[in-house]
Amino acid sequence: MSEFERIETGLGEECGVFGAYDMDGGDVASSVYYGLFALQHRGQESCGIAVTDTYGKRKVLQKKGLGQIKDVFDEEELDKLKGNLGVGHVRYSTAGATRQENAQPLVINYVKGTLAIAHNGNLVNAIELREELAYTGAIFQTTIDSEVIAYLVARERLNVGKAEDAVKNAMKKIKGAYALVVSSPRKMIGARDPFGLKPLCIGKRDNTYFLASESCAIAAVGAEFVRDVLPGEIVSFTKHGVTSDKSMMISPDKQARCIFEYIYFARTDSRIDGVDVYHARLVAGKALAKSYPVEADLVVGVPDSGLVAAMGYSEESGIPYGMAFHKNSYVGRTFIKPRQKDRESSVKIKLNVISEVVKGKRIVMVDDSIVRGTTCANIIKMLKKAGATEVHVRISSPPFLHPCYFGTDVPSNDQLIAHSHTTQEICEMIGADSLGYMEVSKLKDMVGDMGFCDACFTGNYPMEVPDGDISMAFEEL
Amino acid sequence: MSEFERIETGLGEECGVFGAYDMDGGDVASSVYYGLFALQHRGQESCGIAVTDTYGKRKVLQKKGLGQIKDVFDEEELDKLKGNLGVGHVRYSTAGATRQENAQPLVINYVKGTLAIAHNGNLVNAIELREELAYTGAIFQTTIDSEVIAYLVARERLNVGKAEDAVKNAMKKIKGAYALVVSSPRKMIGARDPFGLKPLCIGKRDNTYFLASESCAIAAVGAEFVRDVLPGEIVSFTKHGVTSDKSMMISPDKQARCIFEYIYFARTDSRIDGVDVYHARLVAGKALAKSYPVEADLVVGVPDSGLVAAMGYSEESGIPYGMAFHKNSYVGRTFIKPRQKDRESSVKIKLNVISEVVKGKRIVMVDDSIVRGTTCANIIKMLKKAGATEVHVRISSPPFLHPCYFGTDVPSNDQLIAHSHTTQEICEMIGADSLGYMEVSKLKDMVGDMGFCDACFTGNYPMEVPDGDISMAFEEL
Amino acid sequence: MSEFERIETGLGEECGVFGAYDMDGGDVASSVYYGLFALQHRGQESCGIAVTDTYGKRKVLQKKGLGQIKDVFDEEELDKLKGNLGVGHVRYSTAGATRQENAQPLVINYVKGTLAIAHNGNLVNAIELREELAYTGAIFQTTIDSEVIAYLVARERLNVGKAEDAVKNAMKKIKGAYALVVSSPRKMIGARDPFGLKPLCIGKRDNTYFLASESCAIAAVGAEFVRDVLPGEIVSFTKHGVTSDKSMMISPDKQARCIFEYIYFARTDSRIDGVDVYHARLVAGKALAKSYPVEADLVVGVPDSGLVAAMGYSEESGIPYGMAFHKNSYVGRTFIKPRQKDRESSVKIKLNVISEVVKGKRIVMVDDSIVRGTTCANIIKMLKKAGATEVHVRISSPPFLHPCYFGTDVPSNDQLIAHSHTTQEICEMIGADSLGYMEVSKLKDMVGDMGFCDACFTGNYPMEVPDGDISMAFEEL
Amino acid sequence: MSEFERIETGLGEECGVFGAYDMDGGDVASSVYYGLFALQHRGQESCGIAVTDTYGKRKVLQKKGLGQIKDVFDEEELDKLKGNLGVGHVRYSTAGATRQENAQPLVINYVKGTLAIAHNGNLVNAIELREELAYTGAIFQTTIDSEVIAYLVARERLNVGKAEDAVKNAMKKIKGAYALVVSSPRKMIGARDPFGLKPLCIGKRDNTYFLASESCAIAAVGAEFVRDVLPGEIVSFTKHGVTSDKSMMISPDKQARCIFEYIYFARTDSRIDGVDVYHARLVAGKALAKSYPVEADLVVGVPDSGLVAAMGYSEESGIPYGMAFHKNSYVGRTFIKPRQKDRESSVKIKLNVISEVVKGKRIVMVDDSIVRGTTCANIIKMLKKAGATEVHVRISSPPFLHPCYFGTDVPSNDQLIAHSHTTQEICEMIGADSLGYMEVSKLKDMVGDMGFCDACFTGNYPMEVPDGDISMAFEEL
């Protein structure tokens, strides 16, 4: 799937999280702003920043809104967010469930003061937990899992002396995927689910600590990458320093990092759990070259996420790499999509073929996935019209066959071409001369020894998952 | 205080509430919209509408925003709010506490479905209740009392079979002023605190029932006024009809309607608890004429709230009534106020004297209140400059001396001129030739036999009140 | 016609103009802002301010936009408009012709520098002039007459030494109604058409001179009213002082001030050409009482423009004056009007009857005009429903029968109830118990000795007028 | 200069133009919208669309605004622009001169009806022409050259029978760079200055003809590229077909296409005057490899405009090509730039180095230009910090040394590092290990036999140019 197909077909990640804590008491809102900018690819539906002054009134100031960072915040508002502890969030959401009240961070007052929670991921037992909470008098003002987590933390906090322990006790109850950044009145806490489904890492710049979904955000604020938060680890930052609680960790072979972070979600320049995303994609491209060699003149990638895998294919196969497409970078959410009565096509507006590059050539075209197949078919058509004599499609992920319960918004089965067609059929439907999907068995080459989750390809979920479409369930509650 | 002084000095009401329930299943959002329009004078800071389809999915759709009704809603959005049960709210707030998340109605999911709550008033025991709730694991996402009420209703609902009873049980715990409009999945509930501090009334149009803070909103939607909700009464509207629970009512002589509704807050065309606001103001003007007669040529009122009392003074005294001022109706919240460097004055821009009317005349000027005295002084100056030979000021309320704990936002003592000066001193400070305040003893003439609250003038609170400034307390929590 | 009927039926004035010139070099943008606020009733469609620094670069800075003053300008933008000479404009326009490019002031560069022109009125020979100009190579970027005037001034300026003389020579060519405020690089010029159809007056505050459509705007900026610009007079303000050119003046008995300024357009607190608007309306009310006496209990005015005439009727007849209506001041242009499917009526939302005042009474209701009759009929219905036993309607202007060619946007004949019905028929159609229109013969009592234009009632135009609808002609060109 | 340095340093093109004419009478506004999208890189300051219905009233409907296409137009507004002939424009402008009134297309009424003009380029004799026009009574409402062209066309049209001939006569008077798209009531006209400084081409889709600054816009609307408009040619499209007037053409060896279109302005996928932009950049990269060979491990391009030249360098040198940077595509004009007090750097937020790719390697970094040198220095620093052992900079254009008078907004000399420093000095200042600029003598390899303009590098202007900064001159007039 080319990147711009994302919005239309609905394959998406739920969130990006970012935290900053300046031990010297300086304001961090602008750092959170720039950190979120680097995570904007993880969600453009809504965003928010909540800050606390840990040396002052410890009151949370917040600003949230629908849209991208650059649209929600202006300089004046950023300046108002005074505080040395900040939590930020960008949220992806399908159109139907876009709601102002679901924007994060979630800021709550509870018995011990104020908490701001930013959460990336999805719980699989949220419905049960909500019901359980409701039966003891809880009320819910959003449809996001973060509210369940907030409740659990608030309730556990009544029994334990430290916010970190409340987070740990809450983690014992919740099941699913989560990377959390929490600000309590005096500390910043980061936590990652024991499977490590969602990424989270630590950065440092002078006396300011950062937490971020991806290392690219650490780089964006000019900080040094320190390390990844470990799957199941809870890290805590206070004026006294940094502490770590690893008691929730599980055996490494049970860990299940989302492989799709490497294939598609994460930025090319990020490094997650010791593996460069660039490297993983390069390896995927090489694997494709080994599995599906073909005689051709040029390897091209569909921008932007197919480019590195295409380089890998080129490197392995010896076929030259080229730039076949120009992507229009001005297209955004407010862009008016062509309607039935318009004569233009959405793909043409977003992507154009550079004829000079492809004409008369046999092309290997690498992309990261195929969802409905229509975009892919259109691109192949454009290549052939521009003079390509053959188009061999290589996809750097296996076919989607199973739903994700951990926060990746995979389209329903009837929209997935791979669900009801064989590779051969798909090849014909999209008009390719040959088609090769990444083999499941080779995914492990991308990430080395690490445990990872490939359930969307294999159905092998790392934990028990519910029946049915859980995201709808929340909305309906 | 002239009406336009309101925003600047901060004397204000907290809210207006409105509800509509169409037993035939028709959409009510537009009726709620027009109803709120008629209540806009009760709050321009934020507003919201939440609707439910009682015959369908019973899911709440909502839209809230900062600003006036006409700015927050457009036709498209109104059309999206499909449902035959709707709750609306307009909120007044001092600038400091303006927050998107404090806009109402508050919509919550709880164990029995969804509730939307619109609340006008202030609780005096909200802090204790919040603390109590927090100690059993409650989390708070706003700083409004309505959230406390929502929690109590949700928790009580676990023990009782009907939403009305949950409201009643919650009412047993909360203390203070409230007019509530609640929509549960299948019914609309209205409730008023036992003292009747805040108004609420019932209207009907065909098979649609309405609840509104003031009868003017009932008229605005073309409905018939049915009756007031009684102090302490709970009314419930379902497809089976209307029920009433009066078990929370207290003895009529303990009832304590806010006298300021009649003096200033309510619209001239509203009727509250059987007393026309117009009538009450006319009576107040007559009382002033009896208490403070003066030889003069013309009686004028400061627009808009001083006009009717001026007519009363004229009627009683036999001195002709005239229109001395033109009020600029285009000034609103986004208006840029004159700054130090500007040569214009705020009063001049909003109000102009019609010289022809006042020149060479001895004027009786009636207004509803004096807060800081500066506006009043400016108006007197303008009148004299326009040729008035004498200006006798008559104020249709006694001097403010005590804070209100029930939702009226009275400025702090140091801003209240009456707090540190005698009437004679104030008279001199504002440049009037004489000054007379409504006598406390005559307030009862305005409203007849009804019990009313005059605590802001007398300090006689109808219930125990906390020490200190409670509104700040909430923010600080 | 009640004031709020204005937008719906389309009776409207074209503009308000304002100018400020600070001889001491101080910035005037904020004064122009506040001056325009006082003229906002003359047009809410678009507005603009253009300023020049006569002691600096003499470059014009401008800001124009659609909507009201308070919506178009914010503090930051106002501060950017540095200059001691400013021209402002508010524009009324029917919906169809709303265009950003027609907003005024019109700012042009020509051979002698920069001019900003604000114009109130309409030319009757604009089409001929445009054609003539076009045939010598002129291009037009707007559909407003002001552009024609600008061209003529620019061309004449090539032949004469002073901008005032260029204005004068242009005035010799244009025919129709105009009040002009012009800023040239070093001076402010005001001019009024020889008939005096549109008003313009002069004010002063220290060393700052003002020009304004109405004296209320002079008062709003805290300045002293100096005098009216005379019909046909050109006044010029430079650092050397004020000069006047009266050579274009015509005999006073030919002057033709728009009588509708006094009846409806101007603010009650303005004084135009020596006559107080308040006074004129009071006289009109008295005249109605003499022409159409009736036995009744109460005289009421339809807000806001009917109020003073109602007072006049009351004074003359001895029948008490009362306040029968509450007008909702929050309704504005962005308000969603009730649609067919809504059950509410537009009139009810904007206006409510105070039952207490009218019930059981015989009412004399005074309004300034009747356009289609529907609003009037609705109000009468509301009064009767509120208990009025009789409603006698008195209209403080004669029936509209003829189009205005001078800038007043009168609805077309088929919308004017008076065009096709007798007074008796109208009385029945609106459900009144009696109806009396101001007699044409008594209009002169309102304004004394002055020459005035009553062509919309009589067809006696002060100059030759074209056939057909000229406003459309411009659009079509 | 990396692409994102563009806004900050002010190197920019003035405009992109687009036209569409549907002979079958269908609406073209949406095609113009999509066409402008493909030209958005040529200007993001303001944009506009003007349409005419050649078979109907032939009235121009227009919409213009500040900002990008996607922000200025929404679906509703696009639908209102009914007409089968449309002209569109995107405008680049330095911040100081951003004005609503300078947005294009310029729509004028003149003696023969209505014209809409979209213009890309700059006239060198605009001041003289403006003065000349002003002395015959012209007034100017903008500071753009297009208004001068409009005047000339309008005046010439009085003497000739066809709009094309008026355009031709106007072309005889204007000197400078221009690509024009003009809609007259019944026809679409395209014209290009005799030197061909600015590009313009023709496309066709069924019976709809298109004109566009670049062929990528023809592709975006799904049309076939027909041919380029020739330098000096006037093409005209009516219901009777297409005509061409080549009488203004000059000898091919005098033609002077802007070489910067190939180096930087145009999109990689465009083809201008028979030369693919991709090809030209590839050739430039190869030329750099020949002129400045170096021993290295990897060639990388600065996104986006340096990428293709980097490929050319790689191809020629045999050094592998790699992707060293991730560019954040969410950064736009509303992005808050880091301030002094922020700790982040603008470059880091927009661009991140992929460490895995560069560490331990000797890098050849190709970019298209260097303006101030600061961005380049920052990028080199980032590369070295990421582990690059050497960074050899190759610039695919010669150093800027001379101002452009034809519409390219080159920073003033004191901002141009090349103006006051030798290549060796610059190399040291930016921290590069070596630095090579494209040689002027090799520019011709990029574009083949065509005549081109390289005045900004050589000072060899194709026509006489004025002294001083002409853009300022216009503003000051």
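For reference, chains read A, B, C and D in written order, and residue numbers begin at 1 within each chain.
Everything below uses one rule, namely that a contact is a pair of C-beta atoms (placed from the backbone, for glycine too) under 8 Å apart; a residue touches a chain by one contact, two chains touch by 3 or more.
Labels paired with UniProt names: A, B, C, D = Amidophosphoribosyltransferase.
Values in this document were obtained by computation on a predicted structure and should not be read as measured data.
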item: Shortest contact path, chain A to chain C, counted in steps; value: 2
item: Type of chain B:chain C copy interface by residue overlap (half), same or different; value: same
item: Gap in Å, rounded to a whole number, between the CA centres of chain C and chain B; value: 36
item: Cα-centroid distance, chain B relative to chain D, in whole angstrom; value: 59
item: Between chain C and chain D, centroid-to-centroid distance (C-alpha), Å; value: 48
item: Residues of chain C touching at least two other chains; value: none
item: Chain contact graph, described as a line, ring, star, complete graph or other shape; value: ring
item: Interfacial residue positions of chain B with respect to chain A in the complex; value: 57, 59, 64, 100-101, 106-111, 115, 130-131, 134-141, 143, 150-151, 154-155, 158, 476-477
item: Touching residues (chain side chain C, partner chain B) in the complex; value: 30-31, 33-34, 37-38, 40-41, 44, 68-71, 73-75, 78, 205, 216, 219-222, 267-269, 271, 276, 278-279, 304, 307-308, 311, 321-323, 325-326, 328-332, 334-336, 338-339, 341-345, 348-349, 352-357
